[in-house]
Amino acid sequence: MELILSLLSAATGWIALPLLVVLSSFIPGVGIMFLREDQHGLRTALNLAGAVLKVVLVGLMLWGVSLGTQYEWSLEVLPGFELTLVGDSLALLFVTLSAGLWLVTTVYAVGYLEGSPNRTRFFSFFSLCVTATTGLAMAGDLFTFVLFYEALTWTTYPLIVHRGTPEALRAGRTYLAYTLTAGAFLLVGAVGLNALAGSVEFRSGGLLDAELVAGAPGAYTLVFLLLLAGVGVKVAFFPLHGWLPAAMVAPAPVSALLHAVAVVKAGAFGLVRLLHSVFGIELATDLGLAPLVAGLAAVTIVYGSIRALHQDDLKRRLAFSTVSQLSYIALGAALLAPTAHIGGIVHLVHQGIMKITLFFCAGLLAETLHIKNVSEMGGVGRRMPLTMLAFSVAALGMIGLPPMAGFASKWYLGIGALESGAGWAVPVLLVSSMLNAAYFLPILGTAWFHDQNAPWRDVGGSRRLEADWKLLVPALVTAALTLGAGIFAGSPWSPLGWTRLIVEQGVL
Amino acid sequence: MTPEALYVIAGAGVFMTGLAGTLGRAHLFWKVLGVNFMGSGIFLLLLAGAPRIPGEGADPVPQAMVLTGIVVATAATALGLGMALRVAVRSGGPYLSEDMPGARKKRTESVGSRDDHGETPTPGNPS
Amino acid sequence: MNRIELWSTLLVVAPLVGAMLSLIGGRRSILAGLALGSAGSLTGAGGAWFTVHTDGVVRHLLGGWGRPLGIELYVDGLSVVFLSLTAVIATAVSVYSSVYFGAIAPPGGGDAPGARGARYFAPLSLFLWAALNGVFLSGDLFNLYVMLEIVGLSATALVTLAVTAKATEAGMRYLLVSLSGSMLFLLGVAILYMGHGTLSLEGIAALRPAGPSAAAALAIMTVGLAAKTALFPLHAWLPPAHAAAPAPASAILSALVVKASFYVIVRLWLFVYGLTLPDTGAEQAFLLLGALGAAAIVWGSVLALRQVSLKRLIAYSTVAQLGYLFVMFPLLTRPGQDAPGGAWSLDAWSGGLYHALSHGLAKAAMFLAAGNMTYAVADDAIESISGVARRLPMSLLAFGLAGLSLAGVPPSGGFLAKWLLLGAALERGQWVWVAVIAIGGLLTVAYVLKVARQAFEAPEHSETFRSVPRRMEWTALTLALLAVLLGVRAVEILELLLVGGTGPWS
């Protein structure tokens, strides 16, 4: 036991761990591509092995970072440009989220896709998608970030069009039209930044020299806007959000991953990097750019919530909810107060675990009872109590009720808004919470207190459980995480505790 | 006028004649011959324009170039004429389709055309 | 015999002897010829790489014959990079062709087109290969002319391996363009020789060619070479020719042959005239080349998007991608810095040449993958490749990866090339080029997806599917993966590209 512990603690000192974290999903992803369709066992084993290994490696890195290890791995790609992976505490927050949720989603996806065609392709790109996400989470400079950001676009596309229906292909086309155009903007912005500033390396407090910027504020503003357009599409800022509800045609595990971990979070994370590691929040505020982002975020928060009110399709309602919730992260990051930063960044995690729970539950309902619309959910609480319990926990968290995770985010956001003198944000948050309640509470009411009002095509679960355990357990796990993150918010190892560490250490 | 200048002018004239033939004539024979003319014009230029070293005679390099050039030109002309013959057999006339007399001028960048890719057998291979 | 003599001899002689060997006929002699050519070229290119890397530029007079009559070899980083590209692609195509023609030829042989390809592809491609290596090794202008001519003649013969009226005509048109282009080049050589009394590239460069006759020579040579490179608007011959050739031949034509004349353009502009250009105001000429390149990108991509034939789509993509190579030129000179040598933008140079490399690998992969698909469904129309996704996933993957590399999606060689070119454009604040490069990338995605989407459709007549030999699938995928791998590390290649005796970075 002692030997293992000392080995592990030696491993935490290995500063190339970030590379291993990326490879732990890349290698299974490539390996699966060459498997035959009927090699289910090997495929699942590879997938789970990769997912578990990634969690272990991330755990080691967390431990190492808390001991003060600075992880960095780089490879010179072009003269002057390196592929750099770093493991600072901000990167680790996102990596932990994606590694953990990838593991549960893999279990969920194995159950969800049982017996459907083209699973080799699906699981291969599923792993590659997570590879790109962890890569961009640990990107140490804008060059690396762009690289993984674009790779993410492409690894997600086959997942969105997975079913191959005309509708899916159409959604895929919309997705690509939005994200590729954004990618072009991001690329031009990144190259332009390098031409202006001579460096694209992320640095705490921003890599730009304030005096240099003062010399050519127009050029820097242009670069910021290009980069903002690049990440803004994936954050689904109004009016760049059109692809997200369309992408709902993807299988449930994909939606879950898309909304909680991969694509939209990549955008939100990129926005945090842009504001804090590239420009620096003070410089961005001076240039009037951070307030612009905050304003966009406020509009999107309200807009997304209002649109969500009118959706009967459960997944579409959740999608518009995502549009709205993502902008909390943007809002928090763009305000000039550490408390707001804590609120925004911790919402990256909180929104992730809550939204993935909701999508898991939506998938459960669709798979078990073929319920796709809110209006068909009458009485479903009695048929599937555990599912609806998980759903309720996450939904209440989204509204911001204590002790669920969402409460902490909103609390910090509100205080931060006041501290930074952006008092106008508080009413936005309040209105949004009311709207959240207005579109989530009716679902809960229908499910728990109404009688069955639509025919279900009940495919049933096993005798003892209400549904397939591979689908149910992940939902319960993430629901428990939602509760835990709220209840133990004071602990240093909770998302909130870790985020406070990030902000207080000045990693931003 | 020195003899060299005469040769230079003649060479340029032969080259231009050849260029005009290649671009202007529709018949493939003239096109191939035009290329040959262009070559001959350049050979004239080279021989005429070669620097002469007093006491040693003409610079040998252009002569070596012309000799080699003639060999290349012969090979190219032979291939060109052989292919022109095949075009004549397979398309019904020694013309490229856009120059075919009587045919409507067809754009080479047609969008709707499919290409055979050599895997469907066609009868009448003259080789 | 010193080392570079060994390598250069291997590079030219091995494919030549291989060509003779394969002319004997019979499967065994063809395989032996291809193997000899591949082994010789790979070893030679590797050896030359090592030599240039350690010793810098190598000059060599073949057989010890002195100037001016001897054949002069000049090997620098640029040469070595193109030699290596040729060796890798031609080897892959050789492996591919050894199965491809066997598969399409009827067992009896005879006069059928497949048998014709099986008989003549190997010798022709090996001749072509020797001549390509010759182009990249040549140190004098006349030698360049002869080698370019052999490249042109064997390339046109490859086009006409398909015995159809269309292929013959496409070959004929290609031959006429190629010969006329060579003649223009030779005319320029003659003018330069009359003015400078030497044919050596370095010799002319040292004399700093300037004045109206040198400028006229450069202009005439460039027009001739641009026609051979299919630079817009002289590109109309390319799509029918590259589409009509058998798949392995198309791969060589699109990936390597057009690059040979591009290589000569680069040699002329940047090495022979490199020292004088910044003084003589080449800005306008560069701008013109760049504008034509930009037009090629847009025009070629739009037409590619509108094609109904798979190979024609890829051929138009070549027209478009060649445009990027010419967009490099206006980005090469930096504004406000006129000192020779210090005035060149390293990013533009690296980006343009790196694009030539990654396009070579990706386009070869694309044509080979397309060859697999059209072979499987026995038709070249895009609409008939439905179901390929399930039957030939590896070929589709190769096609997709190659397409993404062309579009500049990371990680790939195309991405790094685009990053560098964009950097050069933004450094000068030239937004027109930025827009062209970005739009070209999006259009590339559009036409690649057009093919991929069709491949995912359900097939109408699945019973007509022919199974494709595994080796054909693997070679296509290998080339595509190499194009992707170029995106992981470019440092060595870019450093090698800077090893040059004359020109901007001497």
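Residue numbering begins at 1 within each chain, and the chains themselves are lettered A, B and C in the order written.
FYI, a residue touches a chain if its C-beta (ideal position, glycine included) is under 8 Å from a C-beta of that chain, and two chains touch if they have at least 3 such contacts.
None of the values given here were measured: they were computed from a predicted structure.
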Chain-level touch network, classified as line, ring, star, complete or other: line
Between A-C and B-C, the pair with more C-beta contacts: B-C
Whole-Å gap between the CA centroids of subunit A and subunit B: 65
Whole-Å separation of chain centres (CA-atom averages), subunit B against subunit C: 24
Mean-CA-position distance for subunit C and subunit A (Å): 43
Junction residues of subunit B - those touching two or more other chains: none
Subunit C - residues contacting subunit B, complex: 68-69, 104, 111-114, 116-117, 142, 145-146, 149, 153, 156-157, 160-169, 171-173, 175-176, 179-180, 183, 186-187, 190-191, 193-194, 197, 199, 236-237, 239-240, 243-247, 303, 306-309, 311-312, 374-375, 378, 380-381
In the complex with subunit C, residue positions of subunit A that touch it: 33, 75-79, 81, 83, 121, 143, 146-148, 150-151, 153-154, 161, 164, 169, 176, 180-181, 184, 187-188, 191-192, 194-195
Contact set on subunit B toward subunit C in their complex: 15, 18-19, 22, 28, 31-32, 35, 38-39, 41-42, 45-46, 49-51, 59-62, 64-65, 68-69, 72, 75-76, 79-80, 83-84, 86-87, 90-91, 96-97, 108-109, 111-122, 125, 127
Contact set on subunit C toward subunit A in their complex: 350, 393, 397, 404, 409-411, 415-416, 418-420, 422-423, 426-427, 434, 438, 441-442, 445, 449, 453, 456, 487-491, 494-495
